[in-house]
């Protein structure tokens, strides 16, 4: 049964991936304009000269003609993809999109990955305590405060933080991922520098993200605490800590866990605004740049990557959920 | 005996469950006659609700047929529901908490009678509430379900079913959610409907004592199959099938000798009565054979046929067949 | 010798404008190894009594008065850590639905090990698991199920596992809140048989709560009848059945149709149980009572002892049978 | 920045290094030195590696001066150009720079149209001898000589490029004639190494570092002295930066020869009527705009030609003149054209027009548009609607002529360059994309003058023609300039001195100006050395 | 419901901003009027919230921004909720093939990364006004709601009272609209509020990225304009603090309402009042 469940989910993810690839293929083709015209316009603007029609035709030879047969285009696109070829960036011609993506990916994974986990850990822990002591002073102060916190627009917090810590106090750098001067590699100075640059973006992400986890976890805990098995655990005379974590928190966490997996899936594309505010050289910034410069192949590449990681994370979440919640295995 | 209004002939219902199937009901045959009450008893999961829902056409039978007044039913459910209504177990669940008593009854009246004027509608509603003894009517008609007690709610449910003027009422454990003290009133109401309106009634329960109180005939189900049936007194006093015996012996009976708190229940060891089988892969032959102390070889392989006794009783048991 | 003495226990739910008094001046005594049945309809305060008794109540429930003396210590005044030492080793509980009472994501055995090891620090893991298997064996569950998750067991098995769990630390008193409501009659019979045997072997006392009086009549040594948050009658099972004093007890007894003796028309108790948010003045039963007389709606009857029996009804003004 | 000290700190310890911060290139650099390819984002400061044949001297009114070319001469009425090359130039791999390289480089855009990114107008290039090439044009091309000064049309070494597949080659280790070669390339820092054998002379620095930063971070970095040089506008820079250390903190504005203007869509009513155009031009509050820009005194004159660059070329009667808001004059103009304003709309012959103004939202121009809108409303009662678009949409709409008024940048290297777009040779109907003449100006007189300018390289004649054009622009108002545009230079001269000043400059110290950048670097000195 | 302090506070804040959005621009100053003599002024008696770099009154802009932001928020929420209802309810009610199709669609949108997708689409649809932005936000924001509604209507449609009314002869249409939908109003209104916060936040985010039409004033465009003029680093806090705070307030208010409603409708979430806890303790200690 549990395998049937997983097989069904796997089927869905495959279908979703197919849909994502299809969407990815269609989106730029359904929208007005094509990469080649975008290049030509940009060139004309830069040079102030009219670019001859042959130029457009030859550029189309590189980036594909939007008026060509769709089926043929799709076949070409799939062939490319199957080789891991995401195409060539328009604004960085002839640099392959994949190269640019690989260059940006570690930064995002590092920053958003760690912060997502940290925020989840902090939020969940505090949420359990708040839910366990629902109605206490701790809960009465923390919960409304967190509600407010999770409603503040993220980039606004980031801007304020940048101003206070980066500009007024000068504690943290204002942009970038590391001190440019240091040789990139596994040196201590380099690691320190990466940390130093990452701390503010990371802190702001954690700051604005843990509230959501906290609130969710608190409510789940409040609900779970009313369950009979928690009552029974208390009746068994177990220590309050044990009841709180083994019985209440363990069960209350299950729904949060799905959210966590989703959030992990969103890691790759999720920190768009952070990366922009802090000029952090990650995937989000890449997407933003490609949008601004109408670099369609790059947009497609980044979006595909983001979608596929989300799908993958969801699949992993399903797998893990099956392991974590024995009931799923039976329910099928 | 008169012709049955509603009949199930050899119906089966198998639910798909992943790659396997749940054989919830197999080869069930049942007939409801006007003015008579049949009780369907059996333990939890034996397929009672499934059979009732088959009769209410919530889903089509996998095998067999349902006949209404002798004709195989097909086509519109709506027409069918003019004759057959089902009463659910949970009186709270079967009333929309957002609608007043009046709304429930008026909708039913409007849908089945060409009633236009307010006054006529009110008259009909009043009449219905009076039939289920919810009087004075004014006190109840504008209440929400949560303002009523369980028994009152179940009366509203019955009144709504009656608005359709059905010929058959299927009651799926209609009293099991009610407080003990008011169950009898409900049984008495059902009994009155049977005698006054000549309704055919199916009374599903796992409480044999109440079945005996209300019904004329008893049918016992076990693990999706019918094991025994017949006039109630005969069945209870002298059960033919070992399962029926077990069921009756297990039922609480204050009159039973209190000193007799022994470890044995007739043929069975009171501390190890076993469990009903899974319906996904039910035992071959008689489904009761794994628990049956008198099981024979044939019980393990062949489904026992129906053995009829002259007093109207019948059973599916090789023991009786052999006799 | 009495294990438990409850005196004047009063529990309020502090919600809305007016507290709901769900347990009102409840007093009783429980002897070593005795089974005390508590019967009452839904909402009569049975679960409230149990949670108050075991000091498991949560806000908004407040114990406003009374003493719960367990071997001479008053549980009401105990600090949480002192209480924790008593829990399970002396005082264990079985909840109504084992599905909800067992942690769904822990193996059944682990839930035994958990409690065993937290009360006996010297017990090693392996022995604890072995003990869990032994305990499950006591209720007829084979040792290989010890590693199963709750949902992998049938309802009856879960309920029996719950009972085994309650016995893990050899308590003197086991409180059971409707432990058989969710299972059907055959399994119920099996569970009762096991409880009786285990009580015989281990000698613990039981408070057994249910709404099924007929069940208690077979099981309990003494029975307390609750109505509207009060004990209206308490006495040995035999005398309660043979000679119920309180009109409510009588009505309740007559709400169970007989399984074997001759059928006659039964009426149950007309009306519905009181709404504790808005309780009737005087005797809570008076609005439904056929025998009420002047003053029943004003004066609250005391629980008075008559022979082997205590009853709270003004029909028995000084502990004398008037009728 | 970090605890380990900024790049400049370590840089100066290691030797003579200059740090340039790039604010418009995102957060990372891509190692792409395929300089002729159609990419719009390439590795930064490529002009320090690859050089063009000529340069534009902005200090002298935008005339074209030699660079890799030593001299040139037009023949055949400007349809033929003979270019003589310097003979002392070597590629950074030691090979000699020859006419073959020039023929290859100039020929590439003709052979490979997808590599024709600089908008060349010649038809063929041939080698005359090792240091001479001949270029042939289809039209007289005196005026478009500056295409050889375009940094998008630099000289590349044929011996390396000819064997590459240019559609996949990113040229990671470029070989050029310029003063630098690529030392270390990291996504967040590029180190260029100075050549010792540069034909133009010895550079005072050994390395040139480029780091990416954001406009806001830049300010902090400049104040801290982490970087030496950047090109970014700093509103209120005088107070926030220069005033803190006037000696070392330099914030310089060099006119780029253009202006931000209101462009009228002259192919469309009501802006096909000169009176309407004049009325609106008379009621632009230029002072309010430059005040909020924090760039006081940069209001544009009516010609759109900056006095800093075109002082000699300007008609004296327009010198120093800035149009103040003149509501009365504007109303009179409207009356002259038979227009009235009713309920916020322009009305004539029963037709109502409610114009909107297109602007680029990415430039944050909405608030400036609001200023114009407010003034028109207050002075004329005309209700103009704001129509902001992000860059892409803005250019689309502008090119297609789908606008009434547009806030657009006008400009060019010379008077011809500034006004060229008014020529009807670029005219397209509304709905068809126009590269230059987005306002759809169509005037035979203008065409005649522009054509004459294209057929001469006589400076006096050009000046006369230029003045005629100025008059047309002022009287007919195809567009109305608001404020002048600049190259913004931010310098922290703690380590390097000798920077040009807007008052006295031979080259603009703007990284990205090609030979000007090189000239600037050549003229710097280490402070204290 | 109004007995919950969370609902009361939340509703009053929402009501306040709602009124501000509807009537504010009618009574306040012109948010675009620029006063060159008062540029980047801190709050004063004349300009209560100070002025922007462009000499515009921040208070007037904040008021008018309320309209811009709430318009997008409400519209996006309405669109999102509508789609969620149209997809979720039939999927849950009819089941079978209808459900398979709709559920696949829902799951697909659920796992699609929404912000990047919105960005891309909004990037394509250039120069978008508030309506288009709201449409896009709504179009990509319905899936979570649809999933909830599907699950709810699935369980509702097999609830006995629906079956009972079907037996009485009610047609599907009436079953959906009179039996099932009324039970979903709580979910739907929560969804709507949630969507509204989402819409306001998404609009602000998009404005911050420069995707929206900067010609219209919203809190997002205010922050963007401030950011573009480096207001943060120049210490012009009065310019960007009010819009950010307003967004946070609206968000908090909507969350409070949702929590309050949750607590009222789900007794398991109801936490005993502190007074009760204290009283319980007293009795225990007495």
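Think of it as A, B, C, D and E in the order they're written, each chain with its own count starting at 1.
Everything below uses one rule, namely that contacts are C-beta pairs under 8 Å (C-beta built on N, C-alpha and C of every residue); 3 or more make two chains touch, one makes a residue touch a chain.
Being a predicted model, the structure only gives us computed values, none of them experimental.
Q: Which two chains have the greatest number of C-beta pairs in contact?
A: By number of C-beta pairs in contact, the leading chain pair is A-D.
Q: Using each chain's Cα centroid, which is most distant from the centroid of chain B?
A: With centres defined by C-alpha atoms, farthest from chain B sits D.
Q: Between chain B and chain C, tell me the centre distance in angstrom, where each centre is the average of that chain's C-alpha atoms.
A: 31
Q: When the C-alpha atoms of chain C and chain D are each averaged to a single point, how far apart are the two points in Å?
A: Going by mean C-alpha positions, chain C sits 90 Å from chain D.
Q: If you average the Cα atoms of chain A and of chain B to get two centres, how far apart are those centres in Å?
A: So the centroids are 55 Å from each other.
Q: Can you give the whole-Å distance between the Cα centres of chain A and chain D?
A: Between these chains, centre-to-centre, one finds 39 Å.
Q: Can you pull out the residues of chain A that are in contact with at least two other chains?
A: Residues 135, 162, 167, 226, 292, 294.
Q: Multi-chain contacts in chain C: which residues touch at least two other chains?
A: Counting only residues that touch two or more other chains, chain C contributes 58-59.
Q: What parts of chain E, by residue number, touch at least two of the other chains?
A: 123, 210, 232-233, 272-273, 277
Q: Quick one: which bits of chain E touch chain A in the complex? Just the residue numbers, please.
A: On the chain E side, the touching residues are 104, 107-108, 111-113, 115-117, 119-121, 123-125, 197, 201, 204-205, 208-210, 223, 227, 232-233, 235, 240, 244, 247-252, 254-256, 259, 262, 266, 268-269, 271-274, 277.
Q: Which bits of chain A are touching chain E when the two form their complex?
A: Answer in residue numbers: 12-13, 15-16, 19-20, 23, 27, 31-32, 134-136, 139-140, 144, 147-148, 150-156, 159-160, 162-163, 167, 215, 219, 222-223, 226, 265-266, 269-270, 272-273, 276, 287-288, 291-292, 294, 299, 302-303, 306-307, 310-311, 314.
Q: Quick check on the complex: what are the chain C residues that touch chain A?
A: 51, 54, 56, 58-59, 80, 83-89, 92-93, 95-97, 100-106, 114-115, 118-119, 149, 151-152
Q: Would you pull the chain A residues touching chain D in the complex into a rising list?
A: Chain A reaches chain D through residues 33, 38-39, 41-52, 54-55, 57-59, 61-62, 89-95, 100, 103-104, 162, 166-167, 170, 173-182, 184, 189, 192-193, 196-197, 275, 279-281, 285, 289, 292-294.
Q: Note which residues of chain B are touching chain C in the complex, please.
A: Contact set of chain B toward chain C: 43-44, 149-152, 179-185, 188, 206-210, 212-213, 236-237, 246-256, 258, 261, 263, 265, 270-273, 275.
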